[in-house]
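Provided herewith is a single structure, encoded as structure tokens, for subsequent inquiry.
In this document, chain identifiers A, B, C and D correspond to the written order of the chains, with residue numbering beginning at 1 in each.
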Amino acid sequence: MPDGLPTVVTIRCVVEESPTVSTIFFDTVFSSKPGQFVMVWVPGIDEIPMALSYPDAITVQRVGDATTHLASMKPGDKLGIRGPFGNGFSISGKTLAIAGGVGAAPLLRVALEFPDVDFLIGARNEDELLFFRILRERCSVRVATDDGSAGFHGFVAGLLKEMPVEKYDTIVVCGPEQMMRSVLKELEFQNSVHNAQFSLHRYMKCGIGLCGSCCFDPDGACVCRDGPVFSGEYLLQSELGKYHRNASGIKEF
Amino acid sequence: MPDGLPTVVTIRCVVEESPTVSTIFFDTVFSSKPGQFVMVWVPGIDEIPMALSYPDAITVQRVGDATTHLASMKPGDKLGIRGPFGNGFSISGKTLAIAGGVGAAPLLRVALEFPDVDFLIGARNEDELLFFRILRERCSVRVATDDGSAGFHGFVAGLLKEMPVEKYDTIVVCGPEQMMRSVLKELEFQNSVHNAQFSLHRYMKCGIGLCGSCCFDPDGACVCRDGPVFSGEYLLQSELGKYHRNASGIKEF
Amino acid sequence: MITLKKSPVRIGEVSVRNHLILAAGVLGTCASSLLRMLQSGAGAVVTKSIGPEPRPGHAGPCLVVLEDGILNAMGLPNPSARFSDELEKLSNEPVIVSIFGGNPDQFAEVAGWFANQAQAYELNVSCPHASGYGAQIGTNPDIVKACTEAVKSQGKPVWVKLTPNVTDITAIGQAAEDGGADALVAINTVKAMRISTPLKRPVLGNKFGGLSGKAIFPVAVRCVYELYDACSIPIVGCGGVSSAEDVIEMMMAGAQGVEIGSALYSNPDLFQNICRDLYSEEGYHWKEIVGCAHA
Amino acid sequence: MITLKKSPVRIGEVSVRNHLILAAGVLGTCASSLLRMLQSGAGAVVTKSIGPEPRPGHAGPCLVVLEDGILNAMGLPNPSARFSDELEKLSNEPVIVSIFGGNPDQFAEVAGWFANQAQAYELNVSCPHASGYGAQIGTNPDIVKACTEAVKSQGKPVWVKLTPNVTDITAIGQAAEDGGADALVAINTVKAMRISTPLKRPVLGNKFGGLSGKAIFPVAVRCVYELYDACSIPIVGCGGVSSAEDVIEMMMAGAQGVEIGSALYSNPDLFQNICRDLYSEEGYHWKEIVGCAHA
């Protein structure tokens, strides 16, 4: 395509990762860093932000209209892709990846593309554990489930309590807002916030830092452009886990 | 300036070359080939095509509104310049330059910038001879005047009759339409048309090959873009010396 | 890329050789340059707009090249009736004569001069920088209808070229359709201005001019899309087309063909190049593409 | 390059810190992002347009970046009355609240919510892609006048932001002036569309959108120039401004200041950068520049 119109990709295959999550592979590889995201246009429905879980795939949790349509698409169907956008993770040295739910999507590539990674995955239950088999081949994986059906019984932040967090040069985190808040707290407690990077979710419309729908307090950073990855230190004084703004820009707590 | 708006130049000095012709020097050098031209915007009046007689100057004959205004401008005054446009001359080897009247303007640089050039200048009378002193320093110059007040008495094409034209690798010509037609005829007679290049004048508005006001028969070449320099061979079958189109596009014979 | 199968094309009652037409006013004053465009691949050509009197056009500068477009105010220079001499050389070629006038009678008069030479007329009721003509007429639906009727009565196909500089282009399109137009051409240039800051004055001799080229392509696509919904005669897309992709996009918006002007500046062989990219054996039939983005 | 002397500036009854203002709808939904723009050098900021009800905006895609511009149809997402919580954090800052409504009463109602927080109101009668609002109102001089009067009666400066998608922008400018406007802002986006050819459908969720950025700068300069001739209240130029040269050009056309939106995409530090280039000790007084291209 000339200029910045969405790149149209054809779906090659759809892999069910869990009862609510599928990975959708395209016929196009996007040169990108782990942690970068794309705006995925589901024709006739909407356009939504999604991490690239592989350079040629997204991993989608069904939560509403667009994600449900996405998950029901078939090989040969077409999507529009804008991006990759955002900054992505900066990874060096011994790395700990901490994923909650579909937050595993941007972190999978960290394990696949970097040499020295340990992985913590949290999920509601064993069925919802994402990428467990793939990760197990690549690195040491520890698991937490809310209902105890696999691994540690409890939240993933709980796992951290018993771990030597200070030995990691880089800690990358993605998951639900409250999970990230607890991890942030725990890392602060263990004096490891300075090594931590969190990938945030905020309501996004443009993806390029213009429309202001993803702006983040206190300093008005654009999660789409200045993020979605922010340092733990930056987040300590932020709105993370306290509130976010919805599509209208109204704060939700 | 961003994009293609006219470059604004300040006049450094104005040199009177003859009673009707002045050279106007700018504070800006335009990287260009001899034979290329610029569109000169005389603010509030009009924009007209002019050869670059030096990389930083034009040589203007007063014939109407814009040229008269131009000639009356003073150091410090400003002009807008679009271009350089057009193809310019391709010069190699022993070169003969044949100028009639203000047609000397694009040819002066041939003498100044190339090593092995002989020059013929034609003018109405001695006073109207252009660049004679400068040229004399650089190359062998022969002169023809309509009234015989200097050099050969007659048209510059007449001078050619007595010259060994075949010894030149390149022959470049610029002058009034009828003069160029006679030179073309004479060169054809002497079997030297294949070495000759003529710089043409046609009514020009855009200078870039879009508006069509300078189009040239039989093949619709744009004098502004495909020219203004054309080969003698190309011109043999052309409208040269027969007719041209005025500002409205009406043929004048 | 989506391609088209090459097949005979008729647009707005005119047989054209392919979907690409030279836009009015670009290399359109001489038979020789019009022929050159046909030889280099144009499917048809529209002439410079011809009016009731010869005009030398506005004082210069008449045109400046911008980063992403062209700004011009030629001022409708034209040889008037004498243009029929030029057209003598183009008999049997797909030539559409662009005409303008200040009222329906003038339109009819000018059209009459070319009765034996034009395959069709294109009414310029859309030039944004000639007082008394063009858009000054083309913003009034009643006058557009009357001018269309006046020319249409001469029995040849009439295309009406619209200005985007109106609140509602569909009202003008419908007026042309009501007047009997065989096709709508959208769009003429977008009214615009640039100023030379060092000279502290507008850069065009006429101050105001019309913007063409890439910058206006999204405006042209929008106008074609709106007209396709509102009118039922064929539409010819014009404005910023510079590639085969652009042609397909215009056609999906609803155009049966396109006119191309400014892009010839960057590439004088554009018609040829677009033809090469646009047509293929395996291509779609054009009817499958025209308007398909309205589904 | 022509530069300006830095001096206190008042535009349309609002004290601004310099001639550069953040345009409505760009990074304008949070106090924090507005503050960030002020800190990075904006002389004032206009908020996202606020309307009578919260709106989530159109389905996506809402925005695509083109080679020479931005095409958007956000659909006026806004938190409505709740926005006054955000503005709490911006007291004493030069904040202009952009508002929209479907009729004069709604304009007045929305304005009322921000009576203690707005330095001025900017009336969005110009957004080209929200049905019942924006340009659907702003193309009718009588409604524009009535909306202006309704807000003006609240005793604060009122700026009216105009759409270029009209036959005659000066008629709308004059209506705003008649309604008591303190300044005109020209222009909002130009109505446009792009189609995704592989998907055979318009690329925006809303199909139609507005073109902004470099592509529309010549259109914006033209509108400012026309308004300067036709109206006597101050004008704020908007549309494609991306450099100090552009600011000077807008001012020469007749603008007392400019608003900047799309260009922040290529350069988030643009305000700072333009300030550095635009102001100098030896610069002109802005009064010498504003409108000087009309001489």
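FYI, a contact is a pair of C-beta atoms (placed from the backbone, for glycine too) under 8 Å apart; a residue touches a chain by one contact, two chains touch by 3 or more.
Everything quoted here is computed from the prediction, not taken from an experiment.
Trainee: Could you give the fewest steps needed to travel from chain A to chain D through chains in contact?
Mentor: Steps on the shortest route: 1.
Trainee: Measuring between Cα centroids, what's the chain most distant from chain C?
Mentor: A
Trainee: Indicate the whole-number Å distance between the mean C-alpha point of chain A and the mean C-alpha point of chain B.
Mentor: Each chain's C-alpha centroid was found; their separation is 68 Å.
Trainee: Quick check: how many Å separate the C-alpha centres of chain B and chain C?
Mentor: Centres of chain B and chain C (C-alpha means) sit 36 Å apart.
Trainee: Chain A to chain C: how many Å between their CA centres?
Mentor: Those two chain centres are 51 Å apart.
Trainee: By the touch rule stated above, which residues of chain B touch at least two different other chains?
Mentor: Expected reply: 1-2.
Trainee: Which parts of chain C, given as residue numbers and ranges, touch two or more other chains?
Mentor: 66-67, 194, 197-198, 201, 245
Trainee: Chain C touches which residues of chain B in the complex?
Mentor: Where chain B meets chain C, its residues are 1-6, 8, 39, 41, 43-48, 78, 80, 82, 205-213, 215-222, 225, 245-251.
Trainee: With touch defined as at the start, can you tell me which chain C residues reach chain D in the complex?
Mentor: Chain C residues touching chain D: 1-2, 66-69, 71, 139, 165-167, 190-195, 197-198, 200-202, 207-208, 211, 214-216, 218-219, 221-222, 225, 245, 248-249, 252-253, 292-293, 295.
Trainee: Can you list the residues on chain C that touch chain B in the complex?
Mentor: 25-37, 48, 54-57, 59-67, 70, 72, 74, 77-80, 82-83, 85, 194, 196-199, 201, 203, 205, 261-262, 264-265, 268
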